[in-house]
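Alright, structures below, take your time with them.
The two complexes that follow have subunit A in common; it is paired with subunit B in the first and with subunit C in the second.
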Partner chain A sequence: MSAAFQGITRPAHIAVATAAALAVGGLAAGGIGSDMLLSLLTQATIFAIFAVGVGVLLRQNGMVSFGHAAFYGLAGYVAGILIREMGWSGEGAVLAALGGVALFAFVLGFVVVRVPGIAFGMLTIAIGQSFYQGATTSRSLTGGADGLHIDWPQTLFGVSLDTLFQPHVMFMVCWTALVLCVAGLALLLSTNFGAVTEAVRDNEERARFIGIRTLLPRVLVFTLSAFVTAVAGTLSALNTGFVSPESLHWSVSGSALMMVIVGGYRRLWGPALGAMLFFLARDFLGDFAEHWLAIFGAALIFVIVFAPDGFSGALVGLWRRMRGGGKSRGAAAVQAN
Partner chain B sequence: MSTPQALEVEDVAVYYGGVKAVDGVTFTVASGEIRGLIGPNGAGKSTVIDAITGRRKPTRGRVRLQGEDVTGLGVIERRQRGLARSFQRTSIFAEMTVGAQVELAARKVGATDWKANAHEVLRQLDLLELHGWMADELGYGQQRRLDLALALVGRPSLLLLDEPMAGLSSQESEQLAEHLQQLTSSWNVGVLLVEHDMDVVFGISDSVTVFELGQVIASGDPAEVRAHPRVRQAYLGSAA
Partner chain C sequence: MTFINLFNGLVYGSLLIVMSSGLALIYGLRRVVNFAHGALYMLGAYIGFTIAQHTGFWVALVAAPAVMALVGVLLDRYGFRLLQDRNPLTVVLVTFGLLLIIEDFVQTVWGKSNLSMATPALLAHSVTVAGHELPVYRIAVLFFGIAVAVALSLWLRYSRVGLFVRAASTDPVTTSMQGVNTDRLSAMVVGLGTALAGLAGVVAAPFLSLSPAMSSDVLIDSFVVVVVGGLGSLPGAFAAAILLGLLQSMGAVYLPSLAAILPFLFMIAILLWRPSGLAGNRT
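Here is the complex of A and B:
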């Protein structure tokens, strides 16, 4: 397995890391007294899931999407419309939103993943913006520019809404979803599927010449990426009880991409770290500067120039140096084996 | 009944519009034979390789592997039938370890015991101790050997090598040539070798085919080809 992509480890390591991450979330949910801070962390966690979705596409397929907000917003709209217009149960609407977006992405993937480089990015903008326009103009179904209020049923998966909407519970639900998404992806990518997708990303032609059919793995990564993004979109719709065309806008995809770059995409948890930093920066810098995004933009430039692996890469590098590293990646891998 | 050739190229032509890149090319490669393919730049060598591998559809002609007509098949189907290739530019998986990519290749080409097969190929090419190294950390010569390893997994019946010595030092070229000769005889694999290094081609090939302007101008054993007047004049020069 590629040692460059250190996020993928063996199942036992993943299980331990998952348990530790859930414990940290539990401690945060129980220990933070401020509802406002918990609410901020919940939003950050939802965007962290979104960023993980965008990041896995870049990591495994080498593709930059400016249109993933389409999957994010679409999941919320599907859930909202099914509950509001068709009287579906909350559980049914959630599952249909996730499954529907994944199915849509799977079909779409067969077309879009064939498009190379910058053209793929442009295509994703076009697809995303067509959803944005559609949601804005279809007033009778989506509420148009005013958005759509979602009246979630009183219980969801056996939990009452009153309980669910308590800030520490909602944070823990979102945090658990984030941890499970990262762990699930790590497990999946530690299998042969991960190696195949890395090979296709690195050198598609050589991959074909060792007998790999390259289209399906790329489509499946695109689908996985959309599914994870849909998880974020569904949680956002649950958290706010509202979905608007803004959630489909390309600028939302752009923000997610910034989080991916700042956090680093070579490790699965890097984009989540980037999202947390993004939200914390917005909150703290926002108190001092009206144009906080400009400051964040400067940080982005700094990261791209001086830490191309993002903060996650810098942290891992620091950790290795502290443990007496400085070894080459190959030597480290030899040692690990 | 005679044993089928590892490769039969019969009257293959590749046209780009009105330009005849390759026209009416015929030759064979037997199992365990190394056939050198030489010619000046633009002679059509790489185009023939592409037509044999299925990367480019020939305008005319047939390609057979072990007697089976594979002209209409794609790259992956031909690989499954034992055709492997290396590229003019090193073609490896830069962000994977040496071991991971050779094992992956062994699995994907359907080697029965892929772990053992990958191990054997790595050992044959002196890459075993680099098993855990990232490919992009290797030296150029090591990367060329890794490229060859990716082609050799699954014990192919035919190996197409497109300028495998390009960029190597003379010592590295000698080593690689040695590896090639050993593998060809011990695995009974047919090799089609496109190479500019004439010392290597005439040193290790059992037969040589010479291209000029998309056509075969001479074919035979190395001594015969060296002596061919048109080859001496057009390609090797009078000093050859």
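Here is the complex of A and C:
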């Protein structure tokens, strides 16, 4: 169990790591000259946020979602429809998309997190796919299979669209969102809430026995996970100016899940690493990328069977060995209360 | 109109019976939810398509499930059996990876475009029932689904192997202590379940076209069936399959705007009422 506590560090550590991550992003945004590479990294960063959302559900609730594309696509559709049909401002649409998805997930959570074990995964794939079907068939609202173009208003949160759409600005916006999501989750999970959710995850019955109400913490983790995913969906709608039913398809949820597993879900940043690897590998595969689903399917099987901690686990193991044992695992567990 | 829809709903429901009974059997013995089940159904359909082109539908109907049974036995021997002590989540993710590989394999071998399989000449006409013209092939599919349900129930209830399967589904450790070779039993049941998926694929091929998207639609519907019916329960799955088939076809007529999300609403409603499905509390 101690492994689960390793990702949690004190607020000071989180602040230092956040600043460092932002600095790395700033250097990348300023230093990379190629717009192509920057837009690839932007995409990867958006998916990294998505994967962090899926990963936190697995890490804190022990639940595998095969349907998070529903939240990803839904956020884009909500923003798009509010701007297109209702003439909302960009800021209002973004906030409504994030809040709306979180609220929806909160309500849905009360039904779905009660479903035990693997049945939860089966449920989520069905929910996700019904959104895909719904968006494909209700042409009048969503544009059907053709998708929906979003004309973002000229300014968003005081920044003009022309500025925002410069590749390095867009990358930095997404990167900042990613870093803030991971940092926010790390902070939140270093409180009592994190300890409670872990207790519930490890043994719900015992947690109930010592007086913890077990349903609400699980619903809240589900909501958080959906919220982070909605951040990714909103950024994707902003980045491309477009949403399509493809963003709701189960294969998108599946890709996110692969990133989570390959990156390793025991650390909050593991899924983000997985997403980066995923996009870089797909780009690297080039012509062979037609078969990328099968390749990543095989990678998924390999990692889950032989290295369940994923790349982040391997990296942390390597780091510890280099530091000759390094910090003890107990210290983190103690401060997590 | 209504009669035809009712009929089509029952036909799709009986296809779902064949699919979901395979899923439920495998879950019962191995505690594995096979995410590759839909992909295996698709693989069965495409293999059947190729066999049918060279020989004919009836040979394909036997040969394709036989090939799939072999695939199932290998899947159990070199997959589920090696992973039986691992976290159930691990095995689920392995079957998910397998799904991606099989989908890619099918697209690479048979291409992405839709293929169609001719209805066998013997069943390629229609009859008039109560003033409605019904294709004989679909009637045959309906009866086939019912036959599979009845045969499986009788086999589990009255045969010696069926007794072992029921025992191992309840408690694999005690069953193996009683001298039942549960590994061989599992190989057999996973083989049977996979053969059923392949069989469903071949049977569906003449009236639903073959396409790389065919696997996820059926997989998701059979997941709804298995979750609503109660994981691992055959009677629950049978009831849920027919209900879902009817709901989908009637929904398309009466609530066309909601048709796509009806299975989802159906599932939510049942789960609110009974979180572990129609048939009880096994998790």
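In this section, the second predicted complex is superposed on the first by the 315 of 337 C-alpha atoms of A that agree within 3 Å, B and C clash if a C-alpha of one lies under 4 Å from a C-alpha of the other, contacts with A are read in each partner's own complex, and residues count from 1 in each chain.
Everything that follows uses one rule, which is that a contact is a pair of C-beta atoms (placed from the backbone, for glycine too) under 8 Å apart; a residue touches a chain by one contact, two chains touch by 3 or more.
Just so we're clear, the structure is a prediction, and the values are computed from it rather than from any experiment.
In the superposition on chain A, contact is made by A:192 with subunit B only, not with subunit C. Look at A:257: by the touch rule set out above, it reaches subunit C but stays clear of subunit B.
Looking at the shared chain after the overlay, A:116 reaches subunit C, while subunit B stays out of its contact range. Judged by the touch definition given at the top, the superposed model places A:202 against subunit B, while subunit C stays out of reach. Once the two complexes are laid over each other on the shared chain, residue contacts for A:215 go to neither subunit B nor subunit C. Contacts of A:300 after superposition on the shared chain: subunit C is touched, whereas subunit B is not.
Between subunit B and subunit C, the partner in contact with more residues of subunit A is C.
Subunit B meets subunit A in the complex at residues 53, 75-76, 79-80, 84-85, 87, 91-97, 99-101, 104-105, 107-110, 130-134, 137-138, 150-151, 153. Looking at the complex, you find that subunit C touches subunit A at residues 33, 35, 83, 86, 88-90, 92-94, 96-101, 103-105, 108, 216, 219-220, 223-224, 226-227, 231, 257, 259-261, 263-264, 267-268, 271-272, 275-277, 283. Note for the complex: subunit A touches subunit B at residues 1-5, 192, 195-196, 198-199, 202-203, 205-213, 328-331, 333-337.
Subunit A meets subunit C in the complex at residues 62, 64, 66, 111-112, 114-119, 121-123, 125-127, 129-131, 133-134, 136-138, 250, 254, 257, 261, 291, 293-294, 296-301, 304-305, 308.
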